[in-house]
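Would you mind keeping the following structure in view while I ask a few things?
Chain nomenclature is as follows: A, B, C, D, E and F, assigned in order of appearance, with residue numbering initiated at 1 for each chain independently.
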Amino acid sequence: MSDIISDFNAHRQRMNERILDTDNIVIKRFFNLDTNVYQDGALDKRTKEMMGLVASMVLRCDDCIRYHVQECHRSGIGREEFEEIFGVALVVGGSIIIPHLRRAVEFLDALSS
Amino acid sequence: MSDIISDFNAHRQRMNERILDTDNIVIKRFFNLDTNVYQDGALDKRTKEMMGLVASMVLRCDDCIRYHVQECHRSGIGREEFEEIFGVALVVGGSIIIPHLRRAVEFLDALSS
Amino acid sequence: MSDIISDFNAHRQRMNERILDTDNIVIKRFFNLDTNVYQDGALDKRTKEMMGLVASMVLRCDDCIRYHVQECHRSGIGREEFEEIFGVALVVGGSIIIPHLRRAVEFLDALSS
Amino acid sequence: MSDIISDFNAHRQRMNERILDTDNIVIKRFFNLDTNVYQDGALDKRTKEMMGLVASMVLRCDDCIRYHVQECHRSGIGREEFEEIFGVALVVGGSIIIPHLRRAVEFLDALSS
Amino acid sequence: MSDIISDFNAHRQRMNERILDTDNIVIKRFFNLDTNVYQDGALDKRTKEMMGLVASMVLRCDDCIRYHVQECHRSGIGREEFEEIFGVALVVGGSIIIPHLRRAVEFLDALSS
Amino acid sequence: MSDIISDFNAHRQRMNERILDTDNIVIKRFFNLDTNVYQDGALDKRTKEMMGLVASMVLRCDDCIRYHVQECHRSGIGREEFEEIFGVALVVGGSIIIPHLRRAVEFLDALSS
């Protein structure tokens, strides 16, 4: 597995565990909601992950983008679909998103190799 | 048709026509892209409109939200699906989105009545 | 009570009730968290409301600003303290915040009269 | 003079005076900086006002946009130049800017009539 | 002292000195305001640093977060208080803040060890 | 040539080529617009690059800032002019921009040496 993938996932898991090692009820419940919201419901997980990816792109958060690119990839979303998601994000969010798109494609290429 | 719907659509159409009454090629092409990006492709229009709605909510643009709520409604998206879209936007974007959610639901109620 | 205060509170209450008239668990829980997070804890409600106000100002959400100005006012925060909160928001967030500051002061003046 | 122009300027002036009726040194100095930064220097006021307009558009602040559209108009900036400024803002900031562009053009039309 | 702390502070100090080695009055005065605004006044420095931290978190600026985490830590703010500040930022700003929270906690752990 | 310059340009060029190796018409056309919008017109390229830099700073995108700093430098913009651009960005966007300013000045120093 590529370094940019394993490094990202290792840091994410380690620090999430560190954050959740707390008695703070707001933080625990928020992380819980963040898991629940992408589960199958009236809309399926696959659609929600695509929405999570678009939201992360227009808000320009690289780690959030990496996470949802990975989840979309696991849900079987293919290259053409990814490119249409990127297109929506680019038109809605503008050229300011391009550097994040470069890193998203780099991460997706690593996942696909 | 409710006033908040017809007022929104009338102002939107009038000013878009005013903006496009120009020789500026960048503006014309950008508006063109903004139409094309939501058309059926590897992903269908319905899915793209949902992505457009989530993006508009996390970026907190009331008029963009109204436009995509209307397009989603036209695509046959039902109440439970809307609420799951709102849920994703709320978790990703936080409580700062709540005032926009209030106006989104008000507009959706007007469309549904 | 001034119109800008009662109009704001009436719309907020009416639409919040409309939003919470749902079976969607994510939305219900998020609204719950949004109430809990400002309660007394290691930090008191007064301090948390001031933090909520600064966050709302730098994110430039008028309705959120109005809500927290009102809660801060109820917590007994005085004019000089408000001005120091506004100062922090202004320096962190820049001149783009000034129109929101104008509306915040207008609302605070209505609350104080 | 059109209502949308006089209403904007009257509210802006009245609330700015209200805000500056204070002993808070941070607020006073910030407003001072906000005036100074657009004065002639190595770059002229005209160029700086155009930069202020682009910044206001990509940050999506209607009142800031109105203010800088007015200042640009006073500096003799013509329609074609405005459209190129709008083009830069649109490409950098994306379609989320379009509702603000509609209101900017409406305000500019009022100034020009 | 941990590397992530000393690297951050060294780069920050070196580049701030480089920026302030100028005759530009706007830049000098802005940096001055940025120091003054957190001093004791009607509100104490400790409270203002907490507000600076929340503002930095919802605006998602890692370096600003590191700076205010450090200043809060110096002001004697304890773990439970930090977690309540993080809770407010998380609820106001949403899950998009989580990657910044991971880096904030990593930095705070380094400061505490 | 300094490493921070060549690394930035190499990654940018490599990933842009990777992104444009697609049949997706929206992405291709958007990148095209992003090139066209800064060409000479009613306003010259130099002025547009300054506007692109200010927009990138207030939106806080380091890679976009580096790109436009480089283009402005190529257009012959001098130190005093850069500082006035930075001043506008700082006042409009606030202290949250300072970490990006530190990296912008570091990049400009590398270009100038």
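One rule holds in what follows: contacts are C-beta pairs under 8 Å (C-beta built on N, C-alpha and C of every residue); 3 or more make two chains touch, one makes a residue touch a chain.
Values in this document were obtained by computation on a predicted structure and should not be read as measured data.
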>> So if I look at the partners of subunit D and the partners of subunit E, which chains show up in both lists?
In response: A, B, C, F
> Comparing B-E against C-E, which pair counts more contacting C-beta pairs?
Replying inline: C-E
>> Report the chain whose CA-based centre is farthest from the CA-based centre of subunit F.
In response: C
> In angstrom, rounded to a whole number, how far apart do the mean CA points of subunit E and subunit F lie?
Replying inline: 26
> How many Å are there between the centre of subunit C and the centre of subunit F, using C-alpha atoms for each centre?
Replying inline: 36
> Which integer distance in Å separates the CA centroid of subunit B from that of subunit F?
Replying inline: 30
> If you look at subunit B, which of its residues touch at least two other chains?
Replying inline: 26, 30, 33-34, 37, 55-56, 58-59, 64, 80, 83-84, 87, 90-93, 95-96
> Taking the complex as given, what residues does subunit D use to touch subunit F?
Replying inline: 33-34, 37-38, 41-43, 47-48, 50-52, 54-56, 58-59, 64, 78, 80-81, 83-85, 87-89, 91-93
> Given the complex with subunit C, which residues does subunit D contribute to the contact?
Replying inline: 11-12, 15-16, 18-19, 22, 24, 26-27, 30-31, 34, 55-56, 59, 61-64
>> Applying the document's contact rule, which stretches of subunit B touch subunit F when the two form their complex?
In response: 25-26, 29-30, 33, 36-37
> What residues on subunit C touch subunit D, complex-wise?
Replying inline: 60, 80, 83-84, 86-87, 90-91, 95-96, 98-99, 101-103, 105-106, 109
> Given the complex with subunit D, which residues does subunit A contribute to the contact?
Replying inline: 58, 90-97
